[in-house]
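Chain lettering (A, B, C and D) follows the sequence in which the chains are written, and residue indices restart at 1 in each chain.
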Amino acid sequence: MSDAEIEALGRKILAAQPYSQSLGTKIVSMGMGRAELCIPIHDGLTQHLHMVHGGVIATLADMALAFAGGPIMGEGAVTQEFKINFLRPGKGDRLIARGMVVASGRTQAVVRADVFVVVAGEERLCATAQGTIAAVKTS
Amino acid sequence: MSDAEIEALGRKILAAQPYSQSLGTKIVSMGMGRAELCIPIHDGLTQHLHMVHGGVIATLADMALAFAGGPIMGEGAVTQEFKINFLRPGKGDRLIARGMVVASGRTQAVVRADVFVVVAGEERLCATAQGTIAAVKTS
Amino acid sequence: MSDAEIEALGRKILAAQPYSQSLGTKIVSMGMGRAELCIPIHDGLTQHLHMVHGGVIATLADMALAFAGGPIMGEGAVTQEFKINFLRPGKGDRLIARGMVVASGRTQAVVRADVFVVVAGEERLCATAQGTIAAVKTS
Amino acid sequence: MSDAEIEALGRKILAAQPYSQSLGTKIVSMGMGRAELCIPIHDGLTQHLHMVHGGVIATLADMALAFAGGPIMGEGAVTQEFKINFLRPGKGDRLIARGMVVASGRTQAVVRADVFVVVAGEERLCATAQGTIAAVKTS
């Protein structure tokens, strides 16, 4: 697949995910082994200290891992496991996550993703994740 | 704090989290070093394969970790890091997560959480997580 | 396989691992989905603060994961990934690790392992790990 | 501290770690927020399939994390937790690990480390790790 085909497939999958839609998730850019996604921050995504809920950050990291690693193995890929370290409170205008495949085989890809919070146009690293994306047979 | 005071504090914090509210998160039970939370499953929480989005499962796991580990260190606790393995597709009536502190010190607690999907009244293990909850000074 | 056959296979594999032998690793007990291993502590296993080196603790955790999860999938199993939290300095007479399978499929098992340090006959939780053991075709 | 002072401190600490010495661990290079270490591969470090034992790879990753993240917080730093994905069998002449700090605060650093196996002079990514290094008071 070309990068354009990968991004088109990614947009089709994202549009078919009700939960990702409700978060306002958008694909910024995708290509073989990489994905950049973003979520605009609003009060509905916060916790009791008025910061973005860690679950939103983890969800965006998970999606960046899966959208970076999935196309290498075909449409039916799922996150098998991941680990995330939270580095900074999620306060700002939007979240951006960039996933990048570290290594991949026939049935699995190991992927990293960094999540940034954008404050007044400046990106600040907010969380970093590492995980495994596994192919699933959907036929 | 007594278990009743811990649960009351947990309910107060949860009620003040707009994002947790939008997911329909409820506290089933809390006590010192343990928390059980649930989220009813509906179409709005799914991904493109009609299963609960992994981000919802990760978010509930994160909350079970934080609500189990937080009260040991006071109100201002946050998830510092966690790792989650997905074990089974999230298809069913609701998600239940149970967090339990494994070890704790003055500034941190290491916690485990299991997430179950409830299908026709039967719990099936859906994901398992392990992470660190850290005290934060809110004053 | 019976528990006795599993333990016999485990002892055969352990005996064929030069590195595990050099650490003094011993199998205490094995069965389907569980393994208990130990390593006697001596000065050669320490770091500069005279505690057991974290690498030894991680190695024993890794082995407990693999020996608990491996027999479910046949002889050729390897650790695909794991996460470990260190909870207490490794000071004492010996390390004991207990691995237990949380969930398993045809090609993978998700496993937890606790590592204890034994001090004057008393076990103290020293580290806790969670990981994935994957089947490999050795033929 | 200058990079030269950091490397000198690292060599002093490594020389005082009996276990790291028994593995043949050497510091290739260190600086603020980064460390490169290596271990020559020999039969004594293998498991039953004649590959480097995963515990050795995990130990070298752990050391690269700690030696990269430790100097930022002073001499008394320990690995609090880490996660590792194994990507390729450890077969070759030596292991090289490179740790790099991703983010750091007053009491903690989040660090990544890649472990390579060197085969006929060529580096191949063998494992990748992410973890937290915490300051400890040694006085």
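Here is the rule we use: contacts are C-beta pairs under 8 Å (C-beta built on N, C-alpha and C of every residue); 3 or more make two chains touch, one makes a residue touch a chain.
It should be emphasised that the depicted structure is a prediction, and the values quoted were computed from it without experimental measurement.
A.B. asks: Check every other chain and keep only those touching both chain B and chain C; list them.
C.D. replies: A, D
A.B. asks: So which chain is the furthest away from chain A, centre to centre on CA atoms?
C.D. replies: Looking at centroid distances, C is the chain farthest away.
A.B. asks: With chain centres taken as the means of their Cα atoms, state the distance from chain A to chain D in Å.
C.D. replies: From the centre of chain A to the centre of chain D is 28 Å.
A.B. asks: Can you check how far apart chain A and chain B are, centre to centre, with Cα atoms defining each centre and the answer in Å?
C.D. replies: About 21 Å, centre to centre.
A.B. asks: Let me have the rounded angstrom distance from the C-alpha centre of chain A over to the C-alpha centre of chain C, please.
C.D. replies: 33
A.B. asks: Give me the residues of chain B that touch two or more other chains.
C.D. replies: 80-81, 83, 85, 110, 132
A.B. asks: Help me check something: in the complex, which residues belonging to chain C touch chain D?
C.D. replies: My answer: residues 13, 16-20, 22-23, 43-49, 52-56, 58-60, 62-63, 66, 76, 78-86, 138.
A.B. asks: Which of the residues in chain A come into contact with chain C in the complex?
C.D. replies: The touching residues are 80-81, 83, 110, 132.
A.B. asks: Within the complex, which stretch of chain C touches chain B?
C.D. replies: Result: residues 83, 85, 87-88, 102-103, 110, 112, 125, 128, 130, 132 of chain C touch chain B.
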